[in-house]
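The following pair of complexes shares a single chain, chain A, combined with chain B in the former and chain C in the latter.
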Partner chain A sequence: MEAPVIESKVPAWRAAFTRFLAEHPAAQFGAQSRRDAFERFEAHGLPTRRHEYWRYTPLRALDPDQALASKGGDPFAAVDGYRLVFVDGVMDASRSDHLALGAAIDVADGSKDCSWVDIVAEDARAHTAVERPFAELNRALCSHGLAARIPAGVKLDKPILLRYEGAQPAHLRVGLLVEDGAEVTVLESGAGALTMLIEARVGSGASLHHLRAQTELVDRQFASLFARVLEGGHFASFTLAADAALIRNETMLDLTGDEARGHVAGGVLGRAGSVIDNTVFVTHAALKGESRQVFKNVLDEDGRGVFQGKILVRKGAQKTDGYQISQSILLDERAEFDAKPELEIYADDVACSHGSTSGAIDETALFYLRSRGVDRRTAESLLVAAFIEEAIAEIADEDLQEVMRGEVARWMTERAG
Partner chain B sequence: MLTIKNLHCQLEDEPETRILKGLDLTVEAGKVHAIMGPNGSGKSTLSYVLSGRDGYEVTDGSATLQGADLLEMEPEERAAAGLFLAFQYPVEIPGVGNMTFLREALNSQRKARGEEPVSAGDFLKLVREKAKTLDISPEMLKRAVNVGFSGGEKKRNEILQMAVLEPKLCILDETDSGLDVDAMKLVAEGVNALRSPDRGFLVITHYQRLLDHIQPDVVHIMAQGRIIQTGGPELALKVENEGYADLLKDLA
Partner chain C sequence: MTASNAHAAMPAPDGLTVKEGVEAETVEAVKELSGEYKYGFSTDIETEYAPKGLNEEIVRLISAKKNEPQWLLDWRLEAFERWLKQPEPDWAMLNYPAIDYQDQYYYAQPASFAKAKPKSLDEVDPELLRTYEKLGIPLKEQMILAGVEGAEATPFEGRKVAVDAVFDSVSVGTTFKAELAKAGVIFCSISEAVQEHPELVKKYLGSVISNSDNKFATLNAAVFSDGSFVYVPPGVRCPMELSTYFRINAENTGQFERTLIIADAGSYVSYLEGCTAPQRDENQLHSACVELIALDDAEIKYSTVQNWYPGDANGKGGIYNFVTKRAECRGRNSKVMWTQVETGSAITWKYPSCVLKGENSQGEFYSIAITNNAQQADTGTKMIHLGKNTRSRIVSKGISAGRAQNTYRGQVSMHPKATGSRNFTQCDSLLIGDQCGAHTVPYIEVKNNSSRVEHEATTSKVDEDQLFYCRQRGIGEEEAVALVVNGFCKEVLQALPMEFAVEAQKLVAISLEGSVG
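So, the complex of A and B:
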């Protein structure tokens, strides 16, 4: 019997959690860790502007059952890869390549020893500097996802595509153990997830590339990504987010091995009524780590962009090279961009820099283009494409760069129409 | 071709700063007109007002190109109508490729005029050919617009754009400044190659040097926001030898 909870701060979510456990007998297996996670979420409550890292991002109420709408199509539709399609939070086997993926790498399915699954979860749980209520909510309520181990030295031939569909406010969780020298690319898209959680460990000399397209969203999405990178490992993430009531992307990167590299980049395209928040926390805990954060926001009408980026250099993390830039173009005077860059450095031999700019489109450049006959909207599109390019250039794969450029161009054309 | 009558303008943000104060000027098709004048007399302002830059308010007068009211048009419409300004200070646009820019410009203008776009192949051929005559390397064409270009390279790039876009009226604002002797010749050849009975030129310069290569039909002296004297090529020589003192003495 569940002990009665008196005055939960989040009664609707408490009810949803109780119902979830009742409706998912399989979840009983990990029920204790789900309960623990839920209690941490409950103790924190839904974030409000009084929470340090939610000052710029209004959450207001969040109904556990509110359906999620979507628009447009999958930007990764033409990408060849191992596709896992989750509809209303459950994998649709008929549209998924889970068998082929399971043959190529180690995918946890309950039928074999998968104790390695816990490794990545523990890495992520060790990251306690700031409370991450939506990661906890996901741990409590996740209905499906992927737990995969890319064995040492294996370079997966095609990307893994995680596709979220359906109107249910689903919670999907992904664990990735990229063993030493292994390489994998993971793509996410779709509006059919209210929360996503990726917990990853990138082994020595291994690499994990992550791309997320949030271009089909209408309502809200909360994505948390924890990555721990070991010696000489490389983690690179790029997210393109466009027009939704609220998108919050939290990326927690721990460079715990010497010469680990971590790149977190993103493009934001926001117009009427949208709030898009990228919050990044990079910890350098070893020698000669290199991190980059590159975020470009294009905001129109009363669209809002938020960037909170922290670089924490722990004692002893000498020769750290940390870089952070967040910029915005405001296409309308009602648009708003808030940036909160933070450096916290406890080592003396490091090079860290950050910068942030916000302003209207470059009028001189705009006039130059128009004086050659390019109409205003096209000229603005060219300048926006150029502006966002620095973030897109962070993507290693050129075809995927092109996909993202296409999405930006499409957004700008919609604007012209 | 270009007819300017009694043009007055002031700064939008500082209405007390009046720059053009009753300027009259006519450029006929097939002719090259030069404008000379002391620093700050309003030459660049004239070129910006004609091409539609923000920040200037026209308070009186008119400007027409082939009968069409320029002042009513957006900058891009003026370009499509055949106006081209080679900037005194060409603008760097990081991230926008030279070729992308030029092609977008050419096809936008063609579209505005109801013409078919130029194919990628034809465009490439056209630009390569014109670039060669201006000594602009294929590598420069690949770069972002004017980024990393030397002063002289930027000016040559302006002329390249002009050659590709084939405007009706070309305004050159101190295109000669920053050019070495050889580059000046290339630029002048580029301009001369475009001279034709149905195209007019307005060449703003401080030096006779350029006019040695681009022979003007008419020379205007501009001061304090107006044309104060108009004559033949000999007027430019007079300025070169004597300066403006004599010409300005009646203004005071």
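So, the complex of A and C:
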């Protein structure tokens, strides 16, 4: 066991971690790497508003054992794919397509050499610009997840669906090595995860599409995603988050190959006591990279939205094209939106722009619709749908775009009801 | 850069590796520019110092020198106590060795002032007056354009500018005092105001920037030596531009001036500020506080051309400029406009801000910050909207060359009660050469839904299309760059009063001359 530490800043988590190691002596990733990760988390402590990247997001206490509630249904229920269902942090084999998935690509299950799993973890660990305490917590406590290698040139026929269910505050970890020229789409949904961590490498000319639906949450969820994109690779992520006590999504994108592309988009629907935070950090470290961040927040009642987006262009990353937009519509006078759209540029031949706007719904547009006989609520729904469309349009697959549009419409209907 | 004008790699003059000829020449131009600081001379004058270092005794000594009332000494001592415990702000993107607060002087004045403070400019040591003449600021009551070289040749004549000249820790003199007094305007050094108008100073000093605001402001509260005081009575439009010229001359001495401007109901005042310092290898600390108070329907226009010594091409020497400037629009319909052209200082840490309390009050911030060689600037503004229907506008242009780092840091905050408010922010950065950095760190906080906030920012190199357009029409490349950059800065330069517009235009041209080959 560890040498006794000077009083832990997070005693409840320390106890939970000690218990976890005792109950899972042969847990994946090894006890030592878990201990290292926990120590990094412990040294940082739970974030407070004194931490620069948590100034807008109140965390207060976080109990390791607090049960997670959920509401509504899985937006991806009708999507055909390789489904992996995790209940209380453990895969439910009876409801999962792990065997079919294992036949299509390389899935680490301990029975064969899967040293490649470490590659993506190392990529993510190389990202040290800002401490990511919840990624560390996940590395210490993850109970299950997926480690998959999509071999060079393989275009997986169906998306991988990761489904999180159950009331336990679980920690699920995913490693994805998308080899040169391969293609894969990964979907996540469900309230049964307190923390999620995706570590990915997107090889030359490869592409990784990621979609996350956080529409069933009641409590809290902390999602971290690290992706390193090599030459000509393409990473695209879209998250729709609605109504939860606290959602924090951190996306760290490192464009390390020339002409790599990275798109991170999101829609936020927040009301009554919800806090939804999207924090994005894009690093351009090679030539001719292209990045886009598109975030649309619709905030009602006393809902709060937070966007912290950063574009870092390293010395020598010439011809970078970086774009970032964060916008919010505040439907109620109590709603709040905080944004920190940052640029840090060390190369001269680049074009980087960012924009951020916030305000009420456009009264002129509303009047236009109402004067044509559309009632106020419907008119607002139409305008919200139009507003959020720019982010939804970032999703490549049209069927999945439609799923997300449906969720937005449902949220607006609930509001009207 | 298009393929047609890309050059093969060539070594830069100081051994930096640069990829293209354009950059190599930029580095050369940067090097040439480093010797161009024109205000680097020092005045050989007998100076009297307070003992080196900072302790309670020094605070008491400064207060005693100025014959201050007990309340002000108490205020200073309270600040000093807090300063001892306060951490230095570390969030700025600035890199500098720890400041040794004990290794400098906190009070320096020309020895001639020690015997008897000159009662009028006629009694001032002529050597001192010559210093200001050399800087282009003749301390005479005549029609002049302050701060503009060759002003005689310009057609804008007949404007009066009152000047308060601060030399190290003391005010040398203030011009046009009598004429201003006729209009009811009080314009004098703050030390004088403490003696002559203690009720006004007591009422307003520290009411915008408290004596514990931040480490540098707290230090200023403890040891501030001089600075300007302006009070414009109700309904008065100040009959002339007011200005203060700050000069650091003494070695190893910090300058801690405090400026307090009060525009009473319905008044208007335009105030200009200029600053220079001799060229020395040691860093010198400048930590000022400027408080502006605008009451109902009042307007204050505050313009700065900051040209402290920036250090040499290798980053040796230069002024550490840690300044707290804040305005409070207390009254309805009040307005404050900050305009700054920042070209000097080794380190700049400066955020002229507006607290918009009064209904319909308005804050504006126009800034050009140019950094070159090893300069670092972290500058911007805060617009805190507290009152209904308040409006703010931010236009910031950062230009970075050499190995300089230039950061715009700004905050726009719409409080729940600031309904119907507006903000528009535009910040652009331009990088010249591939060894520098330009950064943007905005904080946007919106807590009500009837307010509208818009922020946009871009970073780019000098636009090739615009350059091409100019060159096609027979304009030389250097001139074209100057045109493009001047266009880039135009919005800010236009906000400057006439007295500075000419100078600012020139500053921009100088700093960027020859940046593209």
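By our rule, the second predicted complex is superposed on the first by the 414 of 417 C-alpha atoms of A that agree within 3 Å, B and C clash if a C-alpha of one lies under 4 Å from a C-alpha of the other, contacts with A are read in each partner's own complex, and residues count from 1 in each chain.
The rule is simple: a contact is a pair of C-beta atoms (placed from the backbone, for glycine too) under 8 Å apart; a residue touches a chain by one contact, two chains touch by 3 or more.
This is a predicted model, so every value here is computed, not measured.
Q: Superposed on chain A, are chain B and chain C clashing or fitting side by side?
A: fit
Q: Who wins on chain A residues touched, chain B or chain C?
A: Here the partner covering more residues of chain A is C.
Q: Once the shared chain is lined up, is A:387 touching chain B (first), chain C (second), both, or neither of them?
A: In the superposed model, A:387 contacts chain B only, not chain C.
Q: Taking the superposition as given, does A:122 touch the first partner, chain B, the second, chain C, both, or neither?
A: neither
Q: Given the touch rule stated above, what does A:347 touch, chain B (first), chain C (second), both, or neither?
A: In the superposition, A:347 touches chain C alone.
Q: Touch test for A:371: chain B only (first), chain C only (second), both, or neither?
A: In the superposition, A:371 contacts chain B only.
Q: Which partner chains sit in contact with A:363 here, chain B, chain C, both or neither? Use first/second/both/neither.
A: first
Q: Taking the superposed arrangement, what is the smallest distance in Å from a C-alpha atom of chain B to one of chain C?
A: Nearest C-alpha pair, chain B versus chain C: 11 Å apart.
Q: Please report the chain A residues shared by its interface with chain B and its interface with chain C.
A: none
Q: Can you list the chain A residues touching chain C in their complex?
A: 52, 56, 315-316, 318, 328, 330-360
Q: Could you list, by residue number, the parts of chain B that touch chain A in their complex?
A: 51-54, 74-76, 78-80, 84-85, 87, 90-91, 93-96, 100-102, 104-106, 108-109, 112, 144-145, 161, 165
Q: Give every residue of chain A touching chain B within the complex, in rising order.
A: 363-365, 367-376, 378-379, 382-383, 385-387, 389-390
Q: With touch defined as at the start, can you tell me which chain C residues reach chain A in the complex?
A: Within the complex, chain C contacts chain A at residues 1, 23, 91, 93, 416, 419, 429, 431-461.
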